[in-house]
């Protein structure tokens, strides 16, 4: 089902979605765009290339409260935080970011114990994917083509959106998406020409150029396993790294977290908070032992986790080539170059 | 404009000479990144590495941050712009590095640019200096005749705000913080391991990126860097959400300079002002 | 978690009057981890202490909160209580609801609310208390006494007689102090020299006393049990080891200096002993008066000295003394009354200060004991003015305590030695002391005239040149009095020594705004100071008379003895320590510590604290950016928790 | 609902606390479930662990020390961590009294591979504190219903000194039994010590268990493991027949938080028990 | 109900705390708003204590130490003076009202000064009204 709306009316669409539930959409903030819970439909702004932070926070918030309790009260008075999620619309996620949700699903839902918070948030959400603007060149950091992701790849979205001149075309990808599109009375029916434009756009998206190399998951996994003990290699690629957490926090597929208790005046919350394998104390044990004291060990862990361990454990590379880690790295470390180097090494 | 090419050539020449002669084990400077606009901090350890050295207007990184990765006694050559040189002085004062271990390759530079915005950043950082405060070898000509800007000029706008406005400004800035800690990691003076904010005993603030923890982290960090911040602006440059931390650090630096008559990282023999006192310090500073 | 007991003291009505104590206890019992909460009339009493001890056992308490008076008051008491009951003494928190709540509040609502907030803070803090073990140190058995007046002499003799080594340090070249200047002492009128000089001599002879005259303290290091004191021996220019006290030098010396002992009423030689009974009986050269030092020629003394004891090259030397305790007995000054121009001191020769008057009575004084004016005439009328500078809001608010009595003594001596009319201008006569009132009555009967009124002015008589007019309002008759006299004696305020703040700094003593040393507690620890192991005695603490001074000296000696009679002692365990895992090697602690307790271990890259040197101020903990330094008993967690608790309600 | 959320602990009561060692920093806590359902859901095997949880302090992963054959309770032996800065949860646990209620989340991780161990001779080697889940296994195997499923059982357990041996009563019991060969050793004895002195590796060498149809389970401080492994290789044990339990910093305990991985394995969910053969496959990143 | 501010006092053991006791001993009445934490020396005060106090809802923070030169630990308060001055500047530049944080030197004998300072400071904080800026949001909802 294809629908359309004029981009100038985007705030009306936003308002319609807000009537149905919670809307998360790109908003222009001081330093760039980010997905934000929309309070005022006028905030929604589709004039962006990609957001600073990935939209993973929609399902994996930086801070997720688990339990509320009072320190002075009996243990059974503690209460589990109920999510009670309204329908949530993630509006305008780029194809590479949408891909990341599937990768995270494997970890949080499809293997071992199910993470109930991720699952509930995922189930409550309707994803409006949004194709990159094929008229404009990719940014130098991006390399999603390498991971086989197109600039207009609808996979993973419930509804996929493409810009056509002053219009926004919305095509349903899943039944869930179709249902929503039907309900949104504000939308106009897409015409045959729109349908054609849409289909061609999707096709053209596959050709869209980002940085690209031939990367076979098995090959890179093997390569990285072989390289593991090559301290010189890891020292060299990590020599600039300052062990901050930017790359992991902006990354759509990084899921490490910490569980902590915070209390204030006897009222406590147990919650999870994002953590980063790049932090020096990430693996610090209570005994004082830390298996990853060196910068190179931590960067090695991150690269391996994405391109080797994840492949071994779950069968897919845990990277979507969005380029955020490179773009926001204070010292310009480029994961793409490291993978390139690794393949050559 | 600074002749970046000349400096790059001199950097390569000196690096090669020092490494060849075995005078240093490593040259801390800048290397090629994934494109021209994105050079990287680079540790050249071999003659072959020298070819990868670059210098251009985007080489903002404060190389002094990397000094502490090497044990005392390692001979290190370090490329030092004005701010880097001040950081080195401050680190020597704090006994984190030893002057005798260093060969300082001074770089006079103006026209340094922010890679994200392409804006010229000289006047906002480096404490208004173009020439390194201390060096052993100068890789370009000293810069004279440029307009001397007060490093504190940019503060005027914020100082003029009334307190409500200023609070609103900082609150909105701090609320953006995602606690990635790039600021402290990019800072040559933030060598604490563990940082107080990572401590569990005591837990100074919660780990979640929400207002109280963010405030506690940043306000305390401003205090920790009081009289030590050498105004390189790396904290702000590193910040993925562009919090202008440098403004706050600058303000604290200005106050310290006014109260204690000493700017950070200017003289090897100084003592950091907050671990020092003078009997004649005035009680006025508390008003 | 923790098992906390809260014990709320009524302190009679001191607390209960403005705080609802039972409500407070009830409130406490609702707080998490509080297992038992009680209130009781006097928690510090034996039944109160037993209540705490019993509850510790019965309720298996691991932490105790006593909500009562200031910790400065009874922290020690309750520490002992819980220790006896099997808890570590540091598992105690005191909530100060008396000095800082009930006594400063009149409203019971306010008082109760504030007490609750403070108590809540204490509960938060108590949860995080950790047992600490005290450090045991060796105690040096020596005692240093600073000041060789009657207080110092008395304390020195008492201590020396117990067999302890005593170092008596005196700034002047003789011991004796002010008491040596007096002629008679009130109220018994026994001769001051007769009772003092035997004691001075005993000090000199005592095998356990090292007499260090003409010495000043230059540096104090260490702590209770182990003080390390540097004493500066000022150059005497006379080698006392060689000098045989023949005093031939003092006869030949042409130099003239001002006699301190005679209050400047006469001159003395440049090489001199201050007074005939001085101890030691060996001279020093007053550089400012010595012809050789002033003009480069003379050295007559050197010529007459058979012992070759004169040494013009002598320099100040430094002597290191190690002791376990210190008694500071540095005495007092009389206020310089010349700024109070209305009394004419320094302007009219007929106006004398009290100490000058003392010297006039003394047979060894400038007038050989005859009371004469500066022109040699005997006075016909004498006015004694009380409370000059004392009990005076513009100068010293305190009462100098001894002036009334010595003024009465003066009146008696004037009556005895002259035929003059004697007038006392007083505000109140304060004669509280054994035999004092009786002495007052006796003086009244000796035809001394008492005029109740503060003198407004002393002026020169326009009718009779040389005579003085004393003007005052007689507050009993309400009449304005203008009294012609020949002599006016001022009773100036007793004030601290000019260098008392300096001495206080050296020994870490607090001083009040004028410079009198502060006692640890005005009632219960009047001789102790905030510095453990340092005691005070005599008039350096506040004005007092000789009997009180001597009593304090004995008391201070006993206090010092309780320390130095032990071979070992426990020190407060509240020192700082470094958690090496968190130390980032910034060395801030090393840079700031005034005691040099933290040292940097370059090999490990971390700081280490020498706990023997640590005094527990916590400075290092606050400059430690990584919170690696733990200030025991005042840890970051404990302080933060207390703040949280204080802010909750 | 509560039971379904893997991050939510269930309540238990501490019914018994045993001071295990002279230094008083290791205690065994006996926990009883407050809800029958929770107890029924807590089905575990030796070698598994659980997150002990104190609200306001946090959680700590602790190996289960009791055997599933013991009914009505679970036991955990906990060391108060960090002499200088106490580990928050473990020291809070140590401050608790009998009757206190805490949370528990588990059982977590894999277990000693019971099926693999069946019909084999079992050599248990433990050092110091790292004996807790081994004790669980030993008691499990010694249970009358289980004993015949296993071959010979040899236990070699050592500690620095007699005061630091855990489970002293049980050790004495085992020595009396004839269906288990138990060798207890200390590095250095005291006046009262009548037993063996010597380091664990040396004792292993002396005891020289046969590798035939045998599996060795080795837990202990790194230095003990370092010197014990060569002994077993020399005796002829293969890597597949030497098992150990890894320690790694854990948080979630269910393989989600990304902290405890060694290579592609999460120690909390894929471990903590690994054979040396399995570990050889993994990068040396622990 | 009129605004009754919560004020955190941090007092050094040797001077200000003793001075506060003296105010009590001499029965000088002053407002009950200041709640005092005792530390051994004003130099013990970590700037984060002050930030934390404001976050926890303190409307003002009053620090008391010995007069410069009279520190029981010789020089502690001279360091404290610098550190607290910087703390004050930081709070000020962040936009907090400067009047909410005050450092006073109050000796053991200045019971009256303690009472006066508390009186004055409390009045000043009442004037400024509740501190909302640094206060943790959750607490503001409660209020």
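Brief remarks on what is shown
In order of appearance the chains are A, B, C, D and E, and numbering begins at 1 in each one.
Following the convention adopted for this analysis, a contact is a pair of C-beta atoms (placed from the backbone, for glycine too) under 8 Å apart; a residue touches a chain by one contact, two chains touch by 3 or more.
The shown structure was predicted, so the numbers you read here are calculated from the model rather than taken from an experiment.
Put simply, the chain farthest from chain C by mean CA position is A. For the interfaces C-D and B-C, the C-beta contact count is higher for B-C. With centres computed from Cα atoms alone, the innermost chain of the structure is E. Distance between chain centres (mean CA atoms), chain A to chain D: 39 Å. Taking each chain's centre as the mean of its C-alpha atoms, chain B lies 34 Å from chain E. Averaging Cα coordinates per chain places chain A and chain B 32 Å apart. Taking each chain's centre as the average of its CA atoms, chain A and chain E sit 47 Å apart. Within chain A, the positions touching two or more other chains are listed as 71, 258, 260, 264, 275, 288. Across the assembly, chain C contributes 581-582, 592, 623, 636, 640, 644 as residues in contact with two or more other chains.
For chain E, the set of residues that touch two or more other chains comprises 47, 52, 56, 69, 75, 79, 83, 136. Residue ranges on chain C touching chain D, taken from their complex, read 1-3, 60, 62, 577, 579-582, 630.
Per the touch definition, chain B reaches chain C in the complex via residues 94-96, 191-196, 199, 201-202, 204, 224, 271-272, 274-276.
Put simply, chain A touches chain C in their complex at residues 71-73, 264-266, 288.
Chain contact summary for the complex, chain C toward chain E: residues 70-73, 96, 98-107, 110-111, 113-114, 117-118, 121, 504-505, 508, 510-513, 518, 522, 530-531, 574, 592, 594-595, 615-619, 621-623, 631, 634, 636, 639-640, 642-644, 646-647.
Chain E makes touch with chain B in their complex at residues 47-48, 51-52, 55, 68-69, 75, 78-79, 81-98, 102-103, 105, 133-134, 136-137.
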